[in-house]
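Worksheet: the structure to be examined is printed underneath.
Per-chain residue numbering starts at 1, and chain names A, B and C are given in the order in which the chains are listed.
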Amino acid sequence: MSLLRLTDVSRAFGKLLALQHVELEMEEGKLYAVIGPNGAGKTTLFNLISGFFPATSGEIWFDGMRINRIDAARRVALGLVRTFQITEIFPELTVFENVRIGVEAEARCSARPWPSRGLLRQIGDRVDELLDTTGLTAQAGRTVSELAHGDQRVVEVTMALSRRPKLLLLDEPTAGMGQEETAHMVTLIRDLHARQRQSILFIEHDMDLVFGIADRITVLNYGKVLAAGTPQEVAADPLVQAAYLGEAA
Amino acid sequence: MELLLFDGFNGLIQGAFYALMALGLSLIISLNSVINFAHGGFMVVGAYLAFTLAPYIGFWPALFAGPILAGILGILVERTLVRSMYGRSDPIYSLLLTFGFALIIEDVVRTIWGAQGVPFEIPAALGSPVSTTYFFLTGYRLFVIAAIGLATIALFAFLRLSRFGIRIRAGILDLETVSALGVNVYLLRSVNFAIGTLLAGFAGVLAAGVLQLAPTMGDDVIMATFVAVVVGGIGSLFGSVLGGLLIGLAAGITTAYYPAASDVVIYVIMAVVLIVRPRGLLGQEGLFE
Amino acid sequence: MSRRVYVNGAVWLLLLTAAWWLPLIGGYMALASRVLVYALAAMGLNLLLGFTGCMSFGEAAYFGLGGYGTGLFLTHLTHSTVLAVVAGTIVGGIAAFIFGPLVMRRRGIYFAMITVAIGQIFYFIAERWNSFTGGEDGLSGFSRQPLHFGFATVPLNAVAFYYFVLFFFAIGAGVIALLLHSPLGHTFVAIRENRRRAQFLGIHVERYVWASFAIAGLIAGLAGALNALQNNFISPINLYWVESGNLVIMAVLGGMRSFWGPLVGAIIFVGIQDYVSSYFPNNWETFIGGLFIIAVMFFPNGILGIIRQRAKAA
């Protein structure tokens, strides 16, 4: 059974057709990428999958469930967690406090007004564990708005991981990063995938980066799927070469 | 039946005032991103200035001078106080600012003109009823409705046809783009604020002839104006007009049947609208939710 | 961590010893009680305003309802002052709970507009329902009754009433403090910081805004109950939107992001109001309005915000 399946999904904004008849299928434990030039509809696709807005038509299935009508917050509980292209974090809180919000939501105790000491300790331990996974332990006490851009993005990924996602959606995780930061993020993504068999779907416009790590790639152009397959297949596709690689070359 | 007509007509007049106030408030909310708590204050200022000037310059010139002075006061306030709030991401500050200004206006008006209400003399020609059966149909009341209708039409024409008006509408939709196109956004916002306060002043002068002048008259109207904007749909100018007329009429008709509830009914309408159609009658979907 | 302990210790010590030191600097106990009453309402409001990031401008409604609840309870049902306080608190809380769903989806200035308009409903009901609420003249004819302990009866004179208020203030402040250190409080702050992120971490934002709104109403109700007892009187003016604005400015003036900010704001506001209204009885509104404008223009982070920035810079 596939983890995520989109069948004939379209989204219109007024007269603008942002996505048309998109098909996408993804298995558990894989690392998939969606690429395409700016305005191709990549982020719109993520918004549909994560429940930011509904699809105009088509079906979205996740983990054996049709999720078209399920609201964003509940999709997170189902295991569908995303990051944003423009980093979304809690700016005035510390790294620790940022991640704690996610951990508390995962422990289903966000609404608890008087927690037991045991619960607080469990939460703290889990936050520490997550910070250790993504290499943020040394920054735990710092306010996130003071961190470097690359570290802020890592914080956002860590927060997403705190919800123990079945599928992690990363929207251009390396956007605006320098070389070193990008390398660090790529290593992090690769490690999550390799060591924890984390299923990841990510958007990227940097082709080279994608070809190195993705199991499969879907190419979007003008709101349509131009090609899909392994990196080799996609690279060999004449349509892709014409529309995308040709442009870059 | 006559009572119903009487109260209904009162409601219509009331609604026309709310509509005019709501229109100005709506403009300011949309382009200046400020809830002008002092909107009632500008109304009062316009009314009192017209009242003071009328004995010297006559009723008709005062009818225009009052609102224009309220508009000028609006520009001054926008330039000295409101403008410095645009950069603040938290809208609470502009709210508190206009709130404080509302308190000051009321106090100053009371100090200058006294706490007691004063009558505003209208031309005798407008004061008499046009019909003996329908004694409440005075010439002045009909004139008020016509004047408000004209002002509304003039405003919409200005926004649709004049270059400046079109820029205001464009700015409401997307201020950044308008700014990038080289339009002086500061001027745009200043003038827009002034138009809003001018409309409030105009409502004040007209209202002064129907009721009487009192420093607190703005207090009661400002809340109804908020309700009109919410009912009509925040962000929609037509909606504000519709919302104002609707709640005015509803309050008038309620007066005929159950006077004690006439103040509350507009809030009940608002609650119902918020439940049934959260964006308001003509508001855009998803906006501000 | 230790700094917080010192600050809290100092605040409570000053509040507990107010009966001794306040007269020395020319204050009087009724004024101190009034400060605590407004501070409590503003602290409750600040849970919503400063910690959940929702601009409520209608808090006076729940403050006033608490007062009417207490007044009517004492008039018709009981002579127990404590029970009347509990009743007023519950009235404020329930009203906020019922109206919460109307506002919980709104943001920014629209949240403010709708909360202030909803607040006016209660104002007009109180003003018009003469037979029940006393109408425009307000509700009088009740008075705070002596407290009966098993061993003694304590009449609530000015000093005793101050400590009575302080007792409930401590409960209210304690509840807020506990809340802010709990997961629920963390979630409120997360919503203030970034609604979208909170939502996409699986938090149902509206439900929490509702909860925060109801809790703020409950605490405003408690403060309002104490206010009614303080004056042995409650009038529609306590429900009016101007009163809501006063509560907001107290929170802003002291510092919205600080736990004790609203207390500091209430001290300044009530102090100035008391001083100005005795020297300029006719024009104190101009001073208060000027205070609003000065606070907004020059102290947007409040007094405690400035102190904290200084401390950070040093």
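Everything below uses one rule, namely that contacts are C-beta pairs under 8 Å (C-beta built on N, C-alpha and C of every residue); 3 or more make two chains touch, one makes a residue touch a chain.
Here the structure is a predicted model, which means the values were calculated and not measured.
Colleague: Of all the chains, which has the CA centre nearest the overall CA centre?
Modeller: C
Colleague: With chain centres defined as mean CA positions, report which chain is farthest from subunit B.
Modeller: The most distant chain relative to subunit B turns out to be A.
Colleague: Given the contact rule stated at the top, which pair of chains has the most C-beta pairs in contact?
Modeller: B-C
Colleague: Approximately how many whole Å separate the CA-defined centres of subunit B and subunit C?
Modeller: 32
Colleague: Find the geometric centre of each of subunit A and subunit B from their Cα atoms only, then give the gap between the two centres in Å, rounded to an integer.
Modeller: 48
Colleague: In whole angstrom, how far does the Cα centroid of subunit A sit from the Cα centroid of subunit C?
Modeller: 43
Colleague: Which of the residues in subunit C come into contact with subunit B in the complex?
Modeller: Counting only subunit C, the residues touching subunit B are 49, 55, 57, 102, 105-110, 112-114, 116-118, 120-121, 124-125, 127-129, 241-242, 245, 248-249, 252, 282-283, 285-286, 288-293, 295-297, 300.
Colleague: Which stretch or stretches of subunit B touch subunit C in the complex?
Modeller: Per the touch definition, subunit B meets subunit C at residues 29, 33-35, 37, 81, 84-85, 88, 91-93, 95-97, 99-104, 106-108, 110-111, 219, 223, 226-227, 229-230, 234, 260-261, 263-264, 267-268, 270-271, 274-275, 278, 288-289.
Colleague: State the interface residues of subunit C toward subunit A in the complex, per the touch definition above.
Modeller: Residue positions touching the partner: 178-179, 182-187, 189-190, 193-194, 196-205, 207-208, 211.
Colleague: Which of the residues in subunit A come into contact with subunit C in the complex?
Modeller: Per the touch definition, subunit A meets subunit C at residues 50, 72-74, 76-77, 81-82, 84, 88-93, 97, 100-102, 104-106, 109-115, 123, 159-160, 162-163.
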